[in-house]
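Both complexes shown next keep subunit A, but they swap its partner, so subunit B is in the first and subunit C is in the second.
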Partner chain A sequence: MRGLTMRVKMISQEQFRKRLAEKENHLAITEKAQDVHRQFLPPGIKVVKTPKEILFPSWKEMYRFFFKERSWEIQEVEEKAFSDPTFLLLLPCEARAVVEVLDTNFLREDYRDTDYARRRARLNLVILGCPAQHPTCFCHLVGGSPVWRDGKSAFVLPWKEQFYVENDEVLFGEGDPVNTQEKREIESWEKALQEKLPPPLSPDFPEKLYAHFEDPEWQDIAFRCINCGACTFLCPTCYCFDLTVDGKLRGSMLRTWDSCMFPKFTLHASSHNPRPTGKERVRQRVMHKFSYFPIREKRYGCVGCGICREICPVNWDIKEAVERMVKRIDSRCDIN
Partner chain B sequence: MYEEELHRLSVKLLDEVEYIIGYTSGTLPFRSRPFLCRKKEEVELLTFDHFSGSNLTRYLLSKDLREKKVAILAKGCDARTITVLLREGQIKRENVVVVGLPCYGMVSLRKLEKHFGSLRPQDFTWHLDTFTFQGKTQSIGPFLENTCQRCLYPNPPLFDYLVGSRVEYVPRERWKEDSLKRLEEISSEKRWEFFAQEFQRCIRCYACRNACPLCYCKECFAEAQRPYWLSPAATRSENLFFHAGRALHMAGRCVECGACERACPLEIPIALLPLKVEELVREHFTFEAGVSPDREPPLLTYRENDPNEFIK
Partner chain C sequence: MIPAATSTERNIYLPELVSIEEILEETRDIKTFRLKRPGNFHYRPGQFAEVFVPGRGEAPFSITSSPTEELYLEFSIKKTGTVTEALHRLNPGEMVGVRGPYGNGFPIESLQGWNLLFIGGGIGLAPLRSLINYVLSPLYRKDFGAVSILYGARTPQDLVFRWELQKWGERTDLFLLTTVDRGEPSWEGRVGLVPEVLKGMPVLNAQTLKAIVCGPPIMIKFTIKALLEMGFQPSNIITTLEMRMKCGLGKCGRCNIGPYYVCKDGPVFTYEELQTMPEEY
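Entry: the complex of A and B
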């Protein structure tokens, strides 16, 4: 039987809080997860805005260079002793962003990002089930759910004054076994929860959206966007970056976050810009997450966490944009 | 506020202009959003409430609207922005119809959330400068945006039509809160600590810059490669340089609307620097941006007989 059953246990709320407090120096929690589970958490856990803050920081030196005796010398950047947390408590949507999108992009077979790989290998995800849906989230639309987990990472669910824990060995310690009765109850609760969720986008949406590239609707969808990078920088799945040579005779090669919302993102050296206005840039953001990436990788590039909707200075809303395109697609199938 | 009057006027205006740039209710509670009204059938969608904070004048500079005749809703600060944009030759007066909106200040969703916890829109009833929550009516003062708490121009100094009735003079002391004054009272070491900590959090998404209608440079110094002013790495010193640089570029131009601060996704009090710069401009040149269209902006004017030596 060994290896066939999933490692599950029940722990008390007290144990949950105590163990987290003990491991405080090795822990971080995302802001969203903190909002949902505040009542169970000990004070003082490091808070990060998104998992990207640890796995793919906003800037990094790739290497240093200097000019010496008529030639260029390249220097590796010494890795500081890692002080980043080894456990990250996060919500199912954010975990999906890591497992399904960031990992897919940075840990490809043909190209493996060494920095990301090293950080990812050190980080254990602890997925906290998310019973309360916030008005900004829409994980159901992109195939997620408030109890999504990858089956490998630890998963924790508040359950009747206790916590139901899957796949954890070190963080929470020993727990009580989960009896068949409880197991059945949790399963049927989860099933009922899944059934209550509104339906996801239709499986052919990415292909259909692709065909609507030239739809005039994009002009109006893009109107209010002011083309700042708040949404993309705080998006847990957005992974675009830029390289900058910082310094002349000595300096470093910098890798920094970049955003498809910025005009310079696609500006060519010839001064031609294939995405000259907000319309093209907004379309790119929606298309990449809901058409190009899904067609290529068979999964959405958006996890429906809703952080972009929450922080947008002008209430530009990606869910609304997608719903508008769904309507367009439904109303006239033959755009071409 | 004033919706009926606004709708009536808008129907009339659409005979004269192509678009009305206004607000409509957002997709989330407590949010109003910029809205481009094109047809008379859409007029009913126009709203104005305590969450209509966006400075719409930004859209006057967009490629699509620049050469068109448009009407725009303008609060006091927005009307001041229009005056500055006219003065700087960015827009043509004959292309813009200004619909003035007397304003009691915009309410900060973050302050509301901090005080009341999770919010349900149906629990709140909004009046002009008060609101009712669970049967208790209270002043909006403590919940106003930081910049609104300091506002000196609740009535637009420039307009073609005025909707609603003028706001009586609002003394600053009324709200008993002034983020800038609080900061001026502490020691410079403490102040440095404060700014260092705040700007360290900046991720340089440029939401502040893009929300600002007066940050219209084609190429921002922060992103320029030649010359290369600052590194794109979001470190404390580079961030501080960006925000200080922006504040100085705004000297004598900033209309204190607070768009930058409201736009910040990390809630960094960005407006403090430009606000302080404007206090200095007020003190040294008795000048306020966008208030009197005929006065020359002191920091944008060259004179051969300037009394200061360094300028020659």
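Entry: the complex of A and C
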């Protein structure tokens, strides 16, 4: 059994680099985490765009079917020896996307997605504290922070010429104990950091945004978006998917990424479409992350990593959209 | 920690293959498929299932048979897309996959003791039929009050379950009214849109009735309006929403309306509940 006190240690930068190099075949790091911590990393670690690439790949066979002796058969996909990484180094925002959003959707008790569950149980998150906030990110707005961790996963923070490590048993090996002085210093540094962050959205923002469903502002907010869906594919929390058949007499049912930005996402067979234009689709994307999901799950569906703002081909900006709606709510403008 | 999936944990996307027992031609583009009911398939009226045509695809359909029918499951399916066209090409004896049941189904407990008014339009009668036959079954008939059914379609040829409408019409414990938008010389029933005919229906006491409505979105909209004018409470108007769905499990995201997933929290909602939701369906 684990002790009740959290296990912490200090390790040197050389040890950090060396241990990662040794475990290279079992490791991956997200692109964002690599950007922030490049100077400490050994070369050659596998890089993934987001944790989704491992936990919720862009396509995956859910089962196979084939026609045999004049009849159909359905078969589970046999598990191959697992070659995916078992440790994923990622930033606090990305870890939050896994723990608070993806897990919530795929591990819900009524229906657990067994493929996700299998991958998730095998993957150890190693959260790398993020001392330098990037200009595009806004984790503070949605209740996160550059040192957010879930208390169960390993957490690593570059500290002076060393690394402060929490909850790690195997990856980094033995370290030095953290003395009281250091502990106090880290705590007060974290406290100062938290205090420096701008305030989060007000707790009733999801409810208030809900009431602004009909706000004409949405038309203008959606105007620039070209509905390409790039943001939804790179978003670490976007989990919408399609189930689609590949193959005729022998084939498989694929679970593939899908996007609320696409017109066919909600198109009925009768040709009626409840979200027929860009306005409804952009509103859905913002509302789901900042109102619908939070009302349902008591947490935001956006972690403020800012990747969508970085990669958008037309510079559409979800933070700007949210700030515009905050203004609309604050000015109490007549929404009718 | 995250509990690992055990080898016995069910794959939630896996359908069960069952054989088509019988196919009934309802109209020129609607067929009713009678499938062998899988042994562990327990459902309530108003729930739906995903039907899988190997090599073609999978789509959600409301179950039109009553759960009191132990041997089979029925789906009435209109030919409108890839999966439905493939289904229409199948013959009895061939196999399809079924997974489900999904969704909340009709709130049977809250209907008990009430007089019921069923209002269906076109293929929208399919989910209502499950509840109608449940209510009419000898086992449960005493739990419900008077039953009235108003059913409309575009033309007499578009009426589904004609063989059953006849049986319902012969019963003394229910009132059945059928109407069509466009009549023809041999048609002896009513001509007129459902909401119009509804307003002219004889002595309906809104205080003792619960109305259960299903049909095309535009018909639902005007029918609800008419019901409200007749004095129905929003909580006594029950409807089932249609949204494009894929997983049926509240995961794939497309049937999301406000904080709800229609496939899991619906498809059955009262009008009172609909009033709190964004009008995006």
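A few comments on the model shown:
We take it that the second predicted complex is superposed on the first by the 329 of 336 C-alpha atoms of A that agree within 3 Å, B and C clash if a C-alpha of one lies under 4 Å from a C-alpha of the other, contacts with A are read in each partner's own complex, and residues count from 1 in each chain.
The criterion applied here is as follows: a contact is a pair of C-beta atoms (placed from the backbone, for glycine too) under 8 Å apart; a residue touches a chain by one contact, two chains touch by 3 or more.
Quick caveat: nothing in here was measured; it's all calculated off a predicted structure.
Once the two complexes are laid over each other on the shared chain, residue contacts for A:213 go to subunit C alone; subunit B is not touched. Shared-chain residue A:244: touches subunit B and subunit C both.
In the overlay built on the shared chain, the residue A:228 is in contact with subunit B alone; subunit C does not reach it.
Looking at the shared chain after the overlay, A:314 reaches subunit B, while subunit C stays out of its contact range.
Of the two partner chains placed around the shared chain by superposition, neither subunit B nor subunit C is touched by A:324. Once the two complexes are overlaid on the shared chain, A:296 sits against subunit C while remaining clear of subunit B. In the superposition on chain A, A:256 contacts subunit B only, with no contact to subunit C.
Contacts of A:288 after superposition: subunit C is touched, whereas subunit B is not reached. Between subunit B and subunit C, the partner in contact with more residues of subunit A is C.
Common to the subunit B and subunit C contact sets on subunit A are residues 242, 244.
Here subunit C touches subunit A in the complex through residues 1-5, 9-15, 17, 52, 54-59, 80-81, 84, 95, 97, 216-217, 242-244, 246-247, 249-254, 256-259, 264, 278, 280-281, going by the rule given at the top.
The part of subunit A that touches subunit C in the complex is made up of residues 62-63, 65, 67, 71-74, 76, 103, 105-108, 110-115, 117-118, 120-122, 152, 210, 213, 239-245, 247-249, 251, 253, 255, 258, 260, 265-270, 272, 274-275, 280, 284, 287-288, 292-293, 295-296. Contact residues of subunit A toward subunit B in the complex are 49, 58-59, 135-136, 220, 223-224, 226-230, 232-234, 242, 244, 246, 254, 256-257, 259, 262, 264, 277-278, 309-311, 313-317, 319-320.
Residues of subunit B touching subunit A in their complex: 26-29, 31-36, 54, 58-59, 62-63, 203-207, 209-211, 223, 231-235, 259, 262-263, 265-266.
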